[in-house]
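In the two assemblies presented below, subunit A is common to both, partnered first by subunit B and then by subunit C.
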Partner chain A sequence: MDSRARNLLDEALGLDQLTQSKSPLGGKAVLIEDCVETSGSFVLHQLIKRLLTATSNSSNVVLFLAFANPFSHYDRILLGEEGKAGGGRSGLFALFANITKVLNSLPEGNRKCLTIVIDDVSLIEVAAHGSSDHVLDFLHYCHALTSNHHGCSLVMLNHDDFYSSMDRPVFLKQMEYAADVLVKVKPLATGLAADVHGQMTVLNRDQCNRRGSLNNRMSNFQFRIKENSVEYFYPGART
Partner chain B sequence: MADSICRTIRDGALEGEHAPSLTIKDTTASPYGFGVFTHVLSQASTLILAGKSQSRGLVVVAYSRSPSFYLDFLKRSGVDVASSQKWIHILDCYTDPLGWKHQLADSGILPSNSSAGACLFQDVKDINKLQSLILELGSGLVGQGKVRFSVAIDSVTEMLRHVPLSKVAALISDLRSHDQISSIFWLLHSDIHDVRVTTSLEYLSSMVASVESLNQSSDGLSGDLGNLSLLEQNFRRGKFHVRFKRRNGRVRVMNEQFHMEESGIKFTSVTVEDGLVSQGLVPKVLFNLELSEKEKLERARVVLPFEHQGNGKPIQIYDGRRSLAPESMGEVSADTSQSSTEECSNGGGEIIYFRDSDDERPDSDEDPDDDLDI
Partner chain C sequence: MAATKTRTSSFSRNLPAASSAQSPEIKCGPNGTFLVSSGIPDLDKTLGGGIPLGSLVMVMEDSEAPHHMLLLRNFMSQGLVHKQPLLYASPSKDPRGFLGTLPSPSSPKDDKSRSHDAEQEKGLRIAWQYKKYFGENQSNLDGQRGMILFRFIVLYNKQEFSNEFDLRRPLDRHFYTGQHVDCISTKDLPNIAALQERCTSFLSQFSRYICTFFAIDFVCFTNLLIVTFRNDATVACTGRIAIQSLCAPQCESSNMEWEMLSFIRSLKSTVRSANAVAIITFPSSLVSATFCKRWQHLADCLVSVKAIPDEDKELAKLLTGYQDIVGFLNIHRVPRINTQVPAVLEATTLSIKLQKRRYLVLECLNQAPVDGSSGSSYGTSGNCSGASSKSGSLDF
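Here is the complex of A and B:
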């Protein structure tokens, strides 16, 4: 089942098309939106595992910006650079400086294999004392690393319900506009269930075919989180 | 209509008039405004290269994509970019808008580099400098004379993050009235801004193109995933609504539909059938909630238990106590309980209904409420 589980999420994100010396996520910016009822952090963990265990490309590097949990929490998943963001723009500038140091430390041919993972963006906002403008500036610079010149990939986690009470959730919408792929993790509309923990919609909006291969589709499937893996299946198709 | 927009951009400005200006606006419910922007960009570029446009050059102010993205896109669209330095300049406000990379380069952390074929702009808060640079780059393409050039801003939303509305409006207004500007077009994400901002920019526009979802949901993408069918219907397609403001003040409104394809955005006219297509509000579940044609036909054949069916038989008004056919009273008295059955005979349906009132004796003086224990 685990190999099939990889297929659904991998297929939706294009990870099943990993090739040598190519950016695993195709240099895309992926935004994962979750909520209190259903945490999306497992998607981050699955992605990281997938990227680091890919046998087709051993050059994959993950730069993990961990704000949500102590680093020991992620110990069994990976080890990476730890970014410390202080308050305000200067802290975020320093964080970006750290990221570019890591990027430049990689051999030039491997820089496209870098994936920056942020867990999670709302806590960067807290670290920046609520200045969403500064955070958007920082995210813009991270996004610029996905351009053709650098070719990195970017994965960000943020919370839909955190902003949904606002009249205009501008911060989240700005992130949605910038993202090439949207992964929305929600609970089932019917409520809690023992064997289905939630549903996931993946919207690939690479509108202008940035990487020259069309992968524009919308995928919807359900998931069940197990001890060491996640099971993905289409509604009603769980065996 | 997209073609009308491109023709207006092609025709450019009349002497003594403001240059035509286009606002393209979208929302997260239908975030395909960038597809429209790049479509207009590629059409304008093609016309400039073919010499069929008043404009002889194009300055792209790039906030949301890198210069190399635009050059790659134009190349994939069949536009000759080999000679790009002669007709297009990209003002790069994407790579290093706040000068962070410049600072890192100064401190030796990052090697300095410049975008190939683009002018790097590192101070997006200085709108005056931006305006001067736009005019300088444009003049560099077309010369100082009467020849005009066009300006494209890929995200006024991003510009407004750094510069207040009044300055953005002043920039657009100055460009529109400049002798060398043929046309201007820009993209705005209207749900990021309040109504005042959107309205101000629309006032400055001679054309407003809105990208909307085919079916409105409560809150676009942020809505409940139970609106999955709506998400699917709105995915990569939607409505394209354009408002043209003519010089004489008359407003013309046109509607189209669009869908995103591998080669880009495609526009189609709205047909009558499209307008009448069922919106399919029934949620997609594992059990069937709709009737097939056969089932609809059989339902239509069921004879309802009304006396006046209008089928040629004498019409008798039902008084609530007498049944229609007196000879059936014997059968009714044998079965006094209310029952209804549905049977199919020869493909039709019939409902047989026995009224409780058939059991009552007519013209009774009894007070029907006598048995109440109040």
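Here is the complex of A and C:
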């Protein structure tokens, strides 16, 4: 599928409403959840590609905190899309300081075009030796950057299958609560298939509409991952 | 002021097909990866040719049977036969003693009646002539010089990447008494830091990247050029790490779950930037469920082994060749380095068999025929909906 053409994920995320002044994700925080059976990292790759190739706003900047794979891995998948890349340092405080440094180095008008991408949050927990409070604080700070003042966007990948076995998955619930858009990637209930790699649910918590009521939008569709792109389709509608 | 000029990068998706690895022990894999053999040809085939260099393989043990040792033994023997440096860690007091139990490659003269001879691999196509050669017709060499040479070359090539191992014959001592083999006991280590240090220093000799340049285009600040000189994989520069039963209860450090996780995370990233493969087996039932999942997420290649219950009549009806099966191997994740496309296997559950009690063989499960009279399918546990059966989820 042509990356410029709208696809179901673009619509679900609201990426089809690109404007010059705002960042494509509109200053939202996107949380992607996956599991061992089906990795959700392809959503990250697609979003990064989308952000960096958006023709309407060529000053998009992606700040990529990559903990899961070396840059060569992403480089091969993304095939040379330009962007500023930053790695994580030990110490969440230093990490956040780095992020604000990058943010402040951008020209004033372009700060809303910054998207922070984190792959993935569970590895920040490992780096913090399990102190989920510190990690949550760090994520809240990042989330604060999506406020109107800064207008950045935030995309995080996390795995929800290990929290679900806990009695009180506080960490996961807090992240889900803070996120504006929740993308859940799961395998098919019927097992493996070569044509359909899994299914995803996108919950987009829109802001209040004109009448003042919340406008949550939930989309459910399936996907097939290819080398350079991903096909999205409703169940049974794949051509 | 972002420019739209194309970025030059040392990474390109289409490597020239002619750039083959420098030695037959290493094969070129997809997406610019190099593959080494796991020591089990059937497993290599299932994984798409072998294990990519830079992968972390994790094996979930079954507390009821030591089948993970079969995988570990073959993996270690394969590396030693190829003279690849090996670091072995185990909870026993004398890990070096274990090396004496490693299997030796089976010699061509052994009588192996494999049922897979009909496959179209180059080496096997010659196999039937090869048997003739070692049979009674040894006097007919004159007219067959060309054929002998050809056969020799083919056999040489076939043996080099991957060997069949005879579990009844121990490996010759000279394979593992050299400097290139290092053993460490994890039993009395107070913490995991010592193991981490040994792994890091071991892997430093296989560093994949000699040097990396970062250059920033000062005209347009959004360009970033990365030039990296790779140390292409050669045999001398390829290593293997085998860690047995990490987090076993007899180890002092087994309670430190976050430390363990941190160790695996750092091992994974070090292995990824090295021409090496690491395999870790761990008792998944003895690790808490949450951490077990976290470990699983860290693996590039995730497999689990399961014992087969003895005298299980239902299973005996379900599977053909039940008597020969010693256990099951489940493949949960196949390494996907440098690509986002997942690998969909035809079958994720393989049966572990010991042919003639000597050769480790992995086979797809063969479902027994449906009972026509009652109309019931013995295979209710075999279909994709994953209906539970006694032995867990079997994927035909």
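Observations on the model:
As a working rule, the second predicted complex is superposed on the first by the 207 of 239 C-alpha atoms of A that agree within 3 Å, B and C clash if a C-alpha of one lies under 4 Å from a C-alpha of the other, contacts with A are read in each partner's own complex, and residues count from 1 in each chain.
Everything that follows uses one rule, which is that contacts are C-beta pairs under 8 Å (C-beta built on N, C-alpha and C of every residue); 3 or more make two chains touch, one makes a residue touch a chain.
Keep in mind the model is a prediction, meaning the values are calculated, not measured.
Contacts of A:45 after superposition: subunit C is touched, whereas subunit B is not reached. Judged by the touch definition given at the top, the superposed model places A:100 against subunit B, while subunit C stays out of reach.
Overlap of the subunit B and subunit C interfaces on subunit A comprises residues 189. Partner subunit B is touched in their complex by these residues of subunit A: 93, 96-97, 100-101, 104, 133, 136-137, 140-141, 144, 147-149, 160, 164, 168-170, 172-174, 176-178, 182, 184, 186, 189, 199, 201, 203, 205, 207-210, 212, 214, 216, 218, 220, 235-236.
Against subunit A, the residues of subunit C that register as touching in their complex are 1-2, 4, 6-7, 9, 11, 13, 31-32, 221-224, 226, 228, 257-259, 261-262, 265, 269, 272-273, 289-291, 293-294, 296-297, 302, 332-333, 337-342, 344-345, 348, 384-386, 395.
Residues of subunit B that touch subunit A in their complex: 28, 31-32, 34-35, 38, 64-66, 68-69, 72-73, 76, 94-98, 100-101, 103-104, 109-111, 113, 115, 157, 161, 189, 191-192, 194, 221-222, 224-226, 228, 231-232, 235-236, 260, 262, 264, 286. Interface residues of subunit A facing subunit C in the complex, by the touch rule stated above, are 36-39, 41-42, 45, 58-59, 61, 69-73, 75-77, 79-85, 122-123, 126-127, 129-130, 159, 161-163, 165-166, 189-194, 197, 225-227.
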